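Quick one: this structure, given as structure tokens, is what I'll be asking you about.
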């Protein structure tokens, strides 16, 4: 019985994530998905709440037949504690799938096996590119599962991203407190 | 389509929780379960990690046929922000089931409908009573779903509760930092 | 030109506070009032928000002719930093009025002059006693300025205190996170 | 009876703020002014403490005849909680005046009415421009109310801004901890 | 080469600690001493700052000929992260000496070897007893190394403990914020 | 008897620090060394843990004959509290050596004497330059004391810096939470 762990910010969840998770589902017996920077929302780089992202993910993975746990992970901002933080919040797992070098390093230092999944047209399937397209009014729906487009539509996500972007904060990825 | 919200500490999850959730499952289309004080573990009143509690809950609700979201909620320690905190972490919900007067008050002040579920032999089915029985070596397994007893056994939960209790901290529910 | 500092939790503001501040107003040129534990509300010992307490205080001191600054102070929970924390949040002051030995000690260690004001029927005029009376339905309005009774009535404060008290949390002064 | 809310960082308070507040004072019955990023000071972008900024604001608004509440607001760094945070710290208000798109969005999502005030020579009347002029020794006093120039002079604010700017930190708006 | 770890609150450091550390010094090549709850001071249970406690410890261990590291450890309040927190703050160690069951449990769960040192007249040599004696004016100096008595005298520690104790806070071990 | 204070991030400790501390050791009776941003590690700008940095410093100063205290200081991120924070964590000191204008300002505002030490080939002896050389495979060992090169080798520091740098985070000095 193998439980696999996969983590991302999912701002928003897209076909690149979907491709990786469908691959993992073929070999693992259960998947734990961590939703990172869970406490952030309504920022240019982090427009959606953890709850909204959970909805996107579970809606997109209904066809997967193994147990899937989707767990928000708040930032701890201390790399030396991050693995312990993640492990305390989610069910025990045996392997982590990641292609992020820092994530790989931190888990490897704790002797947890790491695999790097094959990725799918990475330039195109990135949160940054999708948020840019939403902002500019370019085509983005085909880069995400249908369930994601539906959630974004229901919560007024397109309008939210555009209004946030009008903020004249020097650095766009700051919370409102720092942009007054 | 009605999504219901239910929150507890689930230290551990027991038949009283199970009874309420099975009731809710008969009327709601989806259930969101918040796992409170998610950041706490290895304390007399909070022996299990959020991940362990999520495992207990999902293991006990496999027979429920509607979507169930089990979400850890870290403490925010500011009652005036608590409802906004909870709502940002979980998928949108329409109603909350709670018999905790403070929870009821806080949601009511935000104009969210609250229902109080019928409870099942409450004195017996309480986390406090079950932790006491585990500590004293009395019979406790019949008060929890089988899946919970299995998780507690696998993680060495009985031994953990007993070792924690040997701590001579003045107030038992403190983290280790305050018990040195 | 002397600016005086006075701090309390004001849960709620009462005639004892009023008596002390009217005394201070006779000698100082301006008064800075710190509203402590500003982040707490909806707890048995801390039922009112900082905003509600500010309203009580300013409403009660309208007849004072010197400038009055009412400033919420969030907890910092580190006594060695508390004086620096308070001083950074409020306009500069020359003297502090307090009869709290710990407050007196902390300011004295920073070489700031402390005076202990005469108090007015202290047993009766205490937040604890007034909250107890509100809870039990005993007479409490005469212990507070009219403006305070008005604010408490407008925000449904009596009902809030009673509903919070029905919580069966072991220790009543905990936030909701710890009472699930 | 209408209470209006207005928020800024006021680093420092200037004629642009003054212009907006004098407008608001003509229609509202009371004004609540939030002093954002209250916990920051001695940084290039945030040179003044909350207490110093409160002094600037109250000194500049002495001629306004309606009640004015000047309230420091510490950062919460979570946009989804920010409105609840602000509301817990200040007296209840009916309307918010803001031209910041993110502030407007967050209040609008909570169904609180937002108005955008006319602004006064915005390029010139900005904290960034005034801090730049103070740093470079250019004329800045005419951009702020007299009371502000007086406070800055009394606290040695010009010298403070210049000494802070000599710091060779990569990003100037970091606290000292990150600039060692 | 064996580096041993020992942790306590040291409020104050006393002959019981000294006895244990002198034992450890006979077998280890270096000792790392963690000063817990480092951020607390000026409380009934935690009267001394981390800096003052470091002075007590190093002053008492001058005769030890192996390297000694005395490191303040701030509270993290999450037992599942505590071992990672401690390990990130101190030089690497091979073994921990502790007789605290919770500390033993948390390190054992991370597969770090734990030894329980023999203790010396434990009832008498406890911080609680020594603070009680200081407060009551009973003999306490003989329970601590000379260097500790000297530090306590230099910083006015006896007077500090007595003044703090006059506080009429319901629970004595709260910070000043909660005792206003 | 003069105790001097010196603070840095020491990422890593190098010959520039060593030069300054050897100078200070000639006039002071004891030295307190603060290790700033103690909670950070495994970041491009902050690769080493506090414990690793303490090991580098004490290993390099074995030949100094006066007492040396090496104390980790966690970030507080509020400049107005920083001096009080530092002072609570370390033994009392009489003078601070610093050439950082913000550090100088903050201590000067608290009336603590500040001296600026002569520095040694500053362009070359900087943490930024040394981290750059480690990353690029250029010669760096001669810029640090032997003990530092030894610690970096033992903990696999070269490999850690290179792996961290492969992260494709927009801003390299973010913790892992923000780089998912």
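The letters A, B, C, D, E and F name the chains in turn, as written, and every chain counts its residues from 1.
We adopt the following convention: a residue touches a chain if its C-beta (ideal position, glycine included) is under 8 Å from a C-beta of that chain, and two chains touch if they have at least 3 such contacts.
Only a predicted model underlies this, so the values are computations on that prediction, with no experimental measurement involved.
At the interface between subunit C and subunit E, two copies of one sequence, fewer than half of the residue numbers in use appear on both sides, so the contact is built from largely different positions.
Of the two chain pairs examined here, A-E and E-F, it is E-F that is joined by more C-beta pairs in contact.
Computed centre separation for the pair subunit B/subunit C is 35 angstrom, with centres defined by C-alpha atoms. The mean-CA centres of subunit B and subunit D are about 43 angstrom from one another, to the nearest whole unit. Of all residues in subunit A, those touching 2 or more other chains are 39, 41, 49, 76, 78, 80, 87-88, listed in ascending order. Taken pairwise by the contact criterion, the protein chains fit none of the simple patterns, being neither a path, a ring, a star nor fully connected.
The complete set of chain-chain contacts reads A-B, A-D, A-E, A-F, B-C, B-D, B-E, C-D, C-E, C-F, D-F, E-F. Contacts from subunit B toward subunit A in the complex involve residues 38-39, 41, 49-52, 54-55, 58, 67, 69-72, 74, 87-92.
Against subunit F, in their complex, subunit C makes its touches with residues 76, 78, 80-81, 83-85, 87-88. The residues of subunit D lying in touch with subunit A in their complex are 7-9, 36-37, 73, 75-80, 82, 100-106. Chain contact summary for the complex, subunit A toward subunit D: residues 39-43, 49, 160, 163-164, 166-167, 169, 175-180.
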